Amino acid sequence: MDKTSLIGSVLMFACCGAVFWMATQGNLLALWSDKGAIMVVGGTIAVLLMALPAEKLKNAGGFIKSYFFHKGSSPVAIIKQMNELSEKARREGILSLEGDVARLNDPFLAAGLKMAIDGVSPESIESTLRMEVMAMQERHKSGKKFFDLIKVYGPGIALTATLIGQIGMFSALGGSIEVMGKMLAVAVIATMYGTVLANCIAGPIGDKLALRSAEEILTREMVLQGILSIQAGDNPRVTMDRMMAFVPIAQRAQFAKAA
Amino acid sequence: MDKTSLIGSVLMFACCGAVFWMATQGNLLALWSDKGAIMVVGGTIAVLLMALPAEKLKNAGGFIKSYFFHKGSSPVAIIKQMNELSEKARREGILSLEGDVARLNDPFLAAGLKMAIDGVSPESIESTLRMEVMAMQERHKSGKKFFDLIKVYGPGIALTATLIGQIGMFSALGGSIEVMGKMLAVAVIATMYGTVLANCIAGPIGDKLALRSAEEILTREMVLQGILSIQAGDNPRVTMDRMMAFVPIAQRAQFAKAA
Amino acid sequence: MDKTSLIGSVLMFACCGAVFWMATQGNLLALWSDKGAIMVVGGTIAVLLMALPAEKLKNAGGFIKSYFFHKGSSPVAIIKQMNELSEKARREGILSLEGDVARLNDPFLAAGLKMAIDGVSPESIESTLRMEVMAMQERHKSGKKFFDLIKVYGPGIALTATLIGQIGMFSALGGSIEVMGKMLAVAVIATMYGTVLANCIAGPIGDKLALRSAEEILTREMVLQGILSIQAGDNPRVTMDRMMAFVPIAQRAQFAKAA
Amino acid sequence: MDKTSLIGSVLMFACCGAVFWMATQGNLLALWSDKGAIMVVGGTIAVLLMALPAEKLKNAGGFIKSYFFHKGSSPVAIIKQMNELSEKARREGILSLEGDVARLNDPFLAAGLKMAIDGVSPESIESTLRMEVMAMQERHKSGKKFFDLIKVYGPGIALTATLIGQIGMFSALGGSIEVMGKMLAVAVIATMYGTVLANCIAGPIGDKLALRSAEEILTREMVLQGILSIQAGDNPRVTMDRMMAFVPIAQRAQFAKAA
Amino acid sequence: MDKTSLIGSVLMFACCGAVFWMATQGNLLALWSDKGAIMVVGGTIAVLLMALPAEKLKNAGGFIKSYFFHKGSSPVAIIKQMNELSEKARREGILSLEGDVARLNDPFLAAGLKMAIDGVSPESIESTLRMEVMAMQERHKSGKKFFDLIKVYGPGIALTATLIGQIGMFSALGGSIEVMGKMLAVAVIATMYGTVLANCIAGPIGDKLALRSAEEILTREMVLQGILSIQAGDNPRVTMDRMMAFVPIAQRAQFAKAA
């Protein structure tokens, strides 16, 4: 569970809700526009279908789940786990890790370790795992793209709905001013839907997915170095050092303690 | 047939249609503006003629066709096909593939295989096929550029039409308010045409063409590795492994089954 | 003569003209604003003077001429010409090309061939011609920059004129509504000048110059390979192959026929 | 203390204050909008929580402190300090620096020097310190991102509040013009909050953090070269030369004097 | 003196002046807004203080001076000068250039030549001069950044002033229409200040500084090659050829004549 994602989303919901409530004196229906909703919700879904290849769309649910429930592989936990594996391999031989592989919940580490146990050459392990990192990066990019499309096209489509509303309103110019005001209010609602969609929902989510992607790539590079070091039969101390090379000095003490 | 392209386009059409209908109480003609249509449609075509070299324009029909009917070379099907070719070459010699080349419907694979059968050197096959991939990338970029030009200039040109309408309307300020409202409504219609063109049509299409391009380049790299492996007389198992290097671990089982 | 440039420009002119005519019922003077013209035309020229170094400004006429009358070196014609030169060099020796150099209307090819005849080392020919390609690229970038400056600053400067008009108009608020309308109309005209300048003229021209630049660089690379091959005394067939490496398979048959 | 940051901030505060005062004839409460404040302040905090991973958020206080109180490592002071260390190492051996390490207030220099004294290999020192520089760059990027998010989403969120206000106002169209004016004024206040946040606060702060980052990386590269040179037992003069290589000629005289 | 900078600036001033005069019937005070001036001028200065490190701000005067009075090192003059130095070095030995160094008004050439005379190794000369070129590039970037900050934040800050003015005006809605018009006019003046600042002043100046920077880097590379060639004791003809490698063929005849 990513706590800041959750707290941020709740706070955003609360702020929007409070302002909506205050602006309409509790009559939230005044902010409803069926035309706006059809155009912004329907149109944005249509854009996603039009712009994303099918296999990327299928992952959409995963992106949203990842946003809220992404546990992230804590570097401290990884260092700790790698240290245990490294010491066991040193004591009882690398083949003794076979049982551990099944219990690992990080498929990247499991796949790499399995190859190491099977005696696959280091070059081959490295290239296979790098390929995995690249594939992960691609998946992350798809997730970012998903929310970027909403951020970019949401307001544009909302504007279309507003313009259509304004056309109707201008056509009626000269009629009752109250009716015209209502029409204009409804027209503007669609623009507001687009602004909320882009700035309060899709934009920040996409940014977090992108920032996390960079972190995860670093973590995986650390794991990759650890696996190669275990396979080489390095002293656990050397394995730690190779992995620590990716950790800033200030955090090393804390990491060393954990390991 | 790219189903998501089709469904997305139909949904987009339905959403726009529904909102147009609701906003005009079924009188869709209220959203017609001859000045807007001339300016947005004619002007956008003019921009494409002005901005694109002739040979790129000729491919425009192909881009739209590709958007809807692009079959895409499914990586699973390719692995399967390459596996068959690879086994036949192993059993009966590479010359036995001569008959298959004519039946292949992927010109890239056919050209590469033909060179392999003709005994062209691996370096030469590789550089020729890489050149092909680059040329394909250039064609894709042209397609993307085509829709990007519409996306960028469409709204700008539409704005011109709206400004002209507003100039006329402001000049008549002080006359009948009903007449002025009608003029303003007509002026705004052109802006709406530009917004629809950019956000509901050209933008998402260009995005899909760009996303697909990256996928196709990867697929072709896989085919290239397969061809070189077949020519080298590798065991079909080795050929598979070389191609699998481009497939994330999670999908390998599924691919291996297909092969 | 670049036909699409010409047709596009004429169509753009026709569309704008038609809409101008329809909007003003033939009274085109209603779209004239002396303040707008001074600000947009004078200001844009001033921006070009302020932003471009003198030697780049001198080439401005050339950019516009190039846009309309650029013949472009057709790859087919080049392959044909290189083939003839290559065969003559093979038959009568490279010195026999001395007479042909003077007749060539491509200064790039002529300079390269002259160096080859003079026995300049291949490395030196290659670096000199690469330098030429880079210099050409720089010239193209200057042309693109010229139109980009118009595209970027034109609307900004036009907006200034409109704002000044609006200031005058708001100052007179409360006077005759007809007079105010006229003032507002005139103010908006400047914005329209900027929009037309950016979207209907400078933008598409700059895009075409940029797209052409990439094509021409590829063509020159082809010529460079051809010259080096001729100097090396290669078989004309080999020369063709080296040049063909820059041509996609689909077009090679057509090129081979021409050669 | 970064004086220009402080003076700039005070001047910005004074300008905004003066204009606020003049525009409201001293009645600053007229620029207060509870809806605007909730939306812009609360919404921006929500965006930061939604978009930034937890560990980057924790550093937020540090970014603001760094903006005002960043002392910056003056290159002159560094050259002077390195020169003293270098001479002492030359005279009394590198082990004699052990006592100095504890007194150094630059953790980067201290860590590097400690490794040098401990006899860590130069390659290892270099890679560890480069890793530190990269980690610092990452921290700086996080700081920049923090303010960029405010700059990008602040105005968007403010616009949402304004749109909501306008919807309320348009709904009341036809009522008392005074009441409507007040509603519109309040709606616009939110937009103003967003503009101030982006242009007068977050934007310039982010720009300074980015510009400083580049400077600091250069300084650290200088220190790194100095440490390696001291460890190699170079003549202090040679150590100076290696560090001076990162200083433009015009400033070398001044630096040499300081050293 | 950069003539196009001067002519462009004068023309820009004349266009703005003419339109200001026409729009206000000579009553230029109608375009004065104390709030706008405080906010735009004061706020922009504040942004520069907030965003630029102190040492970059100190060079601001130099940037403006450079814009108008930049003489530019004409490549022809440089080739001529290098040719003379090269011939003298060939005739009388490189030590004979010692007296010339003091008379050179290009500090880059002087510093390089001095090192060559002092017998500094070519590698060291090259790395020192490259460092100088990078430092120059950094200075140029600072100049560009200075004007870019004005271009980016000027309009944003101006908008703030306008919004404040509008808030006051909307609050007074329902009062005298003449008074409201005057308030709105004053509010819009600030926007106009920002537009002029960005589009007519800071934008084009920044563009020219950037374009010049690229030119100057090329020139310095030419000088660097010349110095190394002189030190190597090359024939003046060879020195020329090495420098000419940076000059397009079309200009070489003209350069050779000058030399």
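Going by the order they are written in, the chains are A, B, C, D and E; count residues from 1 in each one.
Simple rule for what comes next: a contact is a pair of C-beta atoms (placed from the backbone, for glycine too) under 8 Å apart; a residue touches a chain by one contact, two chains touch by 3 or more.
Quick caveat, the model's predicted, so the values are computed rather than measured.
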Target subunit E, source subunit A, minimum contact steps: 2
Both-way neighbours, i.e. chains that touch subunit E and touch subunit B: C
Separation of mean Cα positions, subunit D and subunit A [Å, integer]: 26
Centre-to-centre distance between subunit D and subunit B (centres being mean Cα positions), rounded to whole Å: 43
Order in which chains appear around the ring, subunit C first, subunit E after it: C, E, D, A, B
Interfacial residue positions of subunit E with respect to subunit C in the complex: 2-5, 7-9, 11-12, 14-16, 18-20, 22-24, 30-31, 72, 176-178, 180-182, 184-185, 188-189, 191-192, 195-196, 198-200, 203-205, 207-208, 211-212, 215, 245-246, 248-250
Subunit D-touching residues of subunit E, taken from the complex the two chains share: 34-35, 38-39, 42-43, 45-54, 56-57, 107, 111, 127-128, 131-132, 135, 145, 149, 152-153, 156-157, 159-161, 163-168, 170-174
